[in-house]
Amino acid sequence: MSLLPLAIDLVLALTLLWLAWRALNSPDLFRAVVLFIALGLVLGLVWVRLDAVDIALAEIALGAGVTGALLLAALAKLQPAASQTDELQTAELQTAELQTDQAAVMAPIALRLFIALLLLAFLAGLGFAVWQLWVPAPGLSNLVEARLDESGVAYPVTAVLLNFRGYDTLLELAVLLLALIGVWSLSTAPHLGDEEPEPALAALSRLLAPLMILVAAYLVWVGAYAPGGAFQAGSVLGAAGVLLRLSGWRLSLSATGWPLRLVLVLGVAVFAFIGLAVIGFDQPLLGYPPGWAKPAILAIELAATLSIGAILAALFIGGRP
Amino acid sequence: MIPAIDAALPPNAWLPLLVLASSLLPGLVIFFLAEQRYWTRTLLNLAGSLVKLLLVGAMLWGVFHQQQYAASLPLLPGLDLVLRVRPLSLLFLSLSAGLWLLTTLYAIGYLEDSPNRSRFFGFFSLCVTATVGVAMAGNLLTFLIFFELLTLTTYPLVVHRGTEEARRAGQIYLAHTVIAGALLLAGTVWLYTLAGTLTFTTQGFVADLVERHRWSLIAIFVLLIIGVGVKAALVPLQSWLPRAMVAPAPVSALLHAVAVVKAGAFGIVLIVYDVFGVEVAAELGVTKPLALVAAFTILYGSVRALFQDNLKRRLAFSTVSQVSYIVLGVAIVGPLATVGGLVHLVHQGVMKITLFFCAGNLAETLGIHKVSEMNGVGRRMPWTMLAFSIGVFGMIGLPPVAGFISKWYLGLGGLEAGLHWPLFVLAGSSLLNAAYFLPILHRAWFCEPPEAWPEERDFGGNKETAWLLLLPPLVTAALSLLIGLFASMPFTPLEWARLIAEREFYQP
Amino acid sequence: MPMLLNGADWATALVFVPLLAALACFLVPRAADWLGVLAALLILLATLGLVQDLLSDGPLRVAVGGWGAPLGIDLWADGLSAALLLMTALVGLGVSVYAPGYFAAHPQQQRWFWPLWLLLWTALNGLYLSADLFNLYVMLEVLGLSAAALTALSGSATGLNAAMRYLLVSLLGSAAYLLGVALLYHGYGTVDIALLGQRIEAGAVATTALLVMAAGLLLKTALLPFHFWLPPAHGSAPAPVSALLSALVIKASFYLLLRLWLDLFSGLGGLLAALLPELLGLLGAAAVLWGSVQALRQRRLKLLIAYSTVAQIGYLFLGFPLAGVQAEEVAWRAVLYLALAHGLAKAAMFLSAGNLLQFAGHDRIADLDRAVQRLPLTLTAFVLGGISIMGLPPSGGFVGKWLLLESAFTQGRWGFAIVVLLGGVLAAGYVFKVVGYAFTPTEIAQEGEAVPLRMQWSALLLAFGAILLGFSAPWLWPLLGVGDPFGLPIAEVGAAR
Amino acid sequence: MSSVLVFALAGLGLIGLGLYGLLVQRHLLRKVLAFNVISSGIFLLLAGLARRAPGAEPDPVPQAMVLTGIVVAVAATALALAMMLALRSATGRTRLEDHGDED
Amino acid sequence: MFVSLMSVALLVAGAVFFLAGTLGLLRFPDVYTRLHALTKADNLGLGLMVLGLMVQAESLAAAGKLLFIWLLLLAASATAGQLVASWAQGKGIAPWRG
């Protein structure tokens, strides 16, 4: 085995660890968040190195992109901009908070040491177990390969996600919706996007938004035989929504009621509906009739993409409309 | 005279269930009655108690004529909730059914115009339901269940007044009974894991285990006896009883004569006779300590009663003492002592309830709570004090009142078993009884009444007190005379107790 | 008679009815009240259908999508899952009937309550029906997120604080569980529990997986010393939510732990398999005592009930050491009885506490002020629930304790027997502490708000359920035996169908 | 020594660092970050180990699982952040209060 | 061979610009000047790299995609630079002067 890839991998791994450590321990929250986003991007590279391009896409779009955006938005809300309040007062507040923060930012040193030792022991045990796993994997690749033809798609990961383990994916969509319901139950006021948009941003958004919708559609379509699919597409769509929102675009008031909610539940609803409807055709739950798997999956993916995009944008914006 | 059990006749399941229902259903309905629906409530109460009395009468007749009454409901595989009416059950059953009717009448009069009567009578009925359940229990599990229900249904009655004092008394009552319940449960489960059955059997069901599990059986015996001994107010487990006197008079009557204390004593009878079997218990060597505890309780209660000025507390300590007569009769192994103990279960109930009714009348009519306030009360309330006097004579054991019969058999039983000390205990206790009861009679009949009573109520027309308050003690006083005078007639408690004793000791 | 719907259909309905109802309630909040109750009724119907099917045809296995394990996800149902599904359906119906009354004063909370609660219900049913470790992870996450969001619904500072802590704990617990799933998948090439049960072998992989999964699930189940998050969360959530959290949510993670133990890890042998049950038993015993004593010390009703939950969780873990060699079945059945009884009883108690809170505007125990006279139905519900919690007869709690004691005595484990008894005594102490004050007037008479009858009756009926559970053995006993969940691994039995 | 092992070890490291952060840090935002780091570590183990058979196609099942896991983590993060903001606006705090038992 | 050499040369050149940009990011005194380093040098560096990769691309479509990526990034970094600068101005951060 050549040494260069291994060296690259080592560097990547060490970067990961260093970024994680810095993200968790840097005194400045903003820096911590930025480092965390960087961690997500490096992870994306790692996934590529591990031949997991789907995960790489998802990691960058969701893990680094959406999560990062959510974190930054929350941070912005936590540290109100100086322009909004009296500057002096804010400064006082911040120093006051900083001082109390200093005292209680972390657990006492002895406790920290204890925790660290405990964790090291735990990691040693875990490492030993992982080491024990170092025999050829008995995984399910062959089985997936063998039945790929029946699944209606040509790409194994999509087949697993939307057919073999479609039940998980249905619930995963429900998790997203659930998170949004939870977020909406917590606050009314939108967190972000009420400022006057920057003209440059607005221009870029106008340029990008249609493009992103196109990319999303492409990602859904390509998912049938290559990396891609509803979640990656949905996050692109969500990003488009966020951009539009930031550049001043608003849903018309009449659309923020049930039409919006309909879009939000569409993914789960269509998935569940198809999953149940097949029972009427003497199929098991979520078992697409022979020949119908491809269109069914496509329909589900399209609906899911729309919903995921809408949910992600709504999660970023925050409070309910 | 011993009715043989005829297996050909199918047991009648309806009567035991109806006996339960006759107080359970009225009780549940009463809970939902509005406070001012006096007549509906009264009607339900009386109808329930009359029906129950009739049903019990029917079963008395039936059991005497070899009918069987049993009902069961599966609780767990191999363990059923069993109601079975046996002669011993009927002894307790007829006592509680009869006294419930009288206590209900009395309570209706006593609680007139006081708040929360629907709640009171609801729990009152549930309490009696639990008591008849205890009486009819066909196995130890069923007994345990109704015994615990009894705890739960009497608690609201104890705290009924809603005062801080009542709340405390309630907590103490519960602390005692719940801990006891836990021990009873422990003993029961333990016994079940050893014996594989809990069905009450004449002469017990553990004889086979004595050899292998002697010490476990002794431990189980102790657990069970403590478990029921709290309600029977055995020393040193008696301290809840005097405190529970904060409850209204009908409740005290119920606690002392009908339900709680009696259920405890009845439980001891069951454990000794139908779980262990009196001879097995004797062989294990557990009856002698039990007898000693009983003897000590008899004397302790009497001595404590001497020093109480509060009338109800004096009566309470008297109960502590008197209930242990039953335990003593059980623990002296022998047929005559058994008869004495069992018959006292009924006799003490009838006599003690008379005394509590009278004490309630004094408190309700004249506001008298203390012995020292009772000077000349016999002139103001002659009928009440007549009933009281009969009760007192019975307690002391003077013939021909019922109490004499009990003591006579207990004494004979002791002699039959070759023991002399019970005689001394009985004599000493009788002397002490006289010492704390006769001064009351002296005050009531021979001292000058005061200018004014502490808190006199006028019942109109120069009446002594409300007739609903007067009737029950007169009836029970008459009863305690009658069952003493005609003790040898059929169907008297004495005859019934003899029947039970014969089965325990003479059946193969 | 051929049934119109078979067991697989009922199982499907159990997951999809609440899911679709959640979507509908989210879409049309105005109709949520009756939609929710309708869904609850349908779920109860489906549960009864499933129970009937199990009793007549034995355990059930459904291959979702027709793929079958290990490629696809399987649903399964046996006596263990059916019993918990039934409890969930009953408590769920009770809370669903109760909620509109409680939230009438808080329309904003009500609007989010319904979709969140129905998603929670989806997760509960899905969890009891799933035979797939990873699918169970997703269910756990749905469960945790919806439970935390529901906890935060009150919007109070205490509530948000508790919800935040609960969310983090829950996420950490699921993460630990997922780590175990990862190890097991790579060790044995499947995430189907039954298949894993056949393939798993003693070794570092299995041991580590057991430890991390157990730790995660214990954290979620709030066994002492992981109970720290529970009292504030259960004590500060809206009353119907507290009822759901205490009665149902912790049972789900306990069920999963039990399932993993029974089907995967108990047969591994070795030191750990011998020591872990003892450790869990000790922690359980400590939880019983500590939780009860803490409950006795509380001055607020909801916190008292919450600490009581800490204690009652302890009982569930006594089954691990007691399910030794001889009394295996009895101890597990005891645990099941206790879990079911606690579900019904604790829901009744929390709903009662909600009534008292609504009535008086506070839940200070010392100021209950004649509540027994003014809210008799509610107090009855509280006491009946309390009776089951204390383990007094006749009740489900009594049967559970009886069986547990039977198991302890048979094996001569006196210590556990004493803990069981002592826990009951302490429980009586804290229940009757409340009842005593409810009989006593305070110095200044307090006015009360009217409490709708539906709130009083739903609490009361749940409490009756806890009592009636004591008489349920004729049909519950055979149901618990369906598929022999406490004996052989389910795969060997379920394969027949 | 292979790259898979390197990344598996890195996954372990992330789990450890994340746990440490979760337990030690008090600011809620940092706790949320820590949770995400833990998740990433677990994902790295779950999908990374699928690659340990050299040469063959990676096992798609754990990949699909990780995809699901990432979405769940995003959802959880969104909820946690919203809850943190709500807590902050109700109390002014961004830390958990330890003695929230009594009102 | 020639294509490979050219590709390598372009890539190396791109890397140099990136290095310069990074150096600028680290060493420049204030936010405005750092923006220069980021947007100008890095965009040029990226452009060179894209060019280097394009010559190796298998198809015209792939080459087009690469070019497209560069254009998108140009637009994005221009907008981002503008946003950062205007935010800094809004905060009242004075530009560095000598």
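Order of writing sets the chain letters: A, B, C, D and E. Residues in each chain are counted from 1.
What we mean here is this: contacts are C-beta pairs under 8 Å (C-beta built on N, C-alpha and C of every residue); 3 or more make two chains touch, one makes a residue touch a chain.
The structure presented is a predicted model; accordingly, all values stated were derived computationally and were not measured.
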item: Chains contacting each of chain B and chain D, listed by label; value: C
item: Between chain D and chain E, the fewest steps along chains that touch one another; value: 2
item: Smallest number of contact steps required from chain A to reach chain E; value: 1
item: Identity of the most central chain, Cα criterion; value: C
item: Most remote chain, CA-based centroid, reference being chain C; value: E
item: Pair with more cross-chain C-beta pairs in contact, given A-C and A-D; value: A-D
item: Distance from the mean Cα position of chain D to that of chain C, given in whole angstrom; value: 27
item: Distance from chain E to chain B - Cα centre to Cα centre, in angstrom; value: 98
item: Rounded Å distance between chain C and chain E, as computed from the means of their C-alpha atoms; value: 57
item: Rounded Å distance, chain B centre to chain C centre (Cα mean); value: 43
item: Multi-chain contact residues (two or more partners), chain A; value: 126, 130, 133, 137, 139-140, 144, 164-165, 168, 172, 175, 178-179, 182, 186
item: Junction residues of chain E, two or more chains touched; value: none
item: In chain C, residues with contacts to at least two other chains; value: 134, 138, 141, 145, 148-149, 152, 179, 183, 185-186
item: Chain-to-chain touches, reported pairwise for every pair that qualifies; value: A-C, A-D, A-E, B-C, C-D
item: Sites on chain D touched by chain A in the complex; value: 1-10, 12-21, 23-27, 29-30, 32-34, 36-37, 40, 43-45, 47-53, 56-68, 70-79, 81-86, 88-89, 94-95
item: Parts of chain A lying in touch with chain D, wherever the complex brings them together; value: 1, 5-6, 9-10, 12-13, 16-17, 20-21, 23-25, 29, 32-33, 36, 39-40, 43, 46-47, 49-52, 54-55, 58-59, 62-63, 66-67, 70-71, 73-75, 77-78, 101, 104-107, 111-112, 115-116, 119-120, 122-123, 126-127, 130, 133-134, 136-137, 139-141, 144-145, 156-157, 159-161, 164-165, 168-169, 172, 175-176, 178-180, 182-183, 186-187, 191, 231, 312, 315, 318
item: Residues on chain B engaged by chain C in the complex (per definition of touch); value: 31, 73-77, 81, 116, 119, 144-145, 148-149, 151-152, 155-156, 159-160, 162-164, 166-167, 170-171, 174-175, 178-179, 181-183, 185-186, 189-190, 192-193
item: Touching residues (chain side chain C, partner chain B) in the complex; value: 370, 372-373, 376, 383, 387, 390-394, 398-399, 401-403, 405-406, 409-410, 417, 421-422, 424-425, 428-429, 432-433, 435-437, 439-441, 470-471, 473-474, 477
item: Contact footprint of chain C on chain D as seen in their complex; value: 15, 22, 28, 31, 35, 38-39, 42, 45-46, 49-50, 52, 61-62, 65, 68-69, 72, 75-76, 79-80, 83-84, 86-87, 90-91, 96-97, 100-103
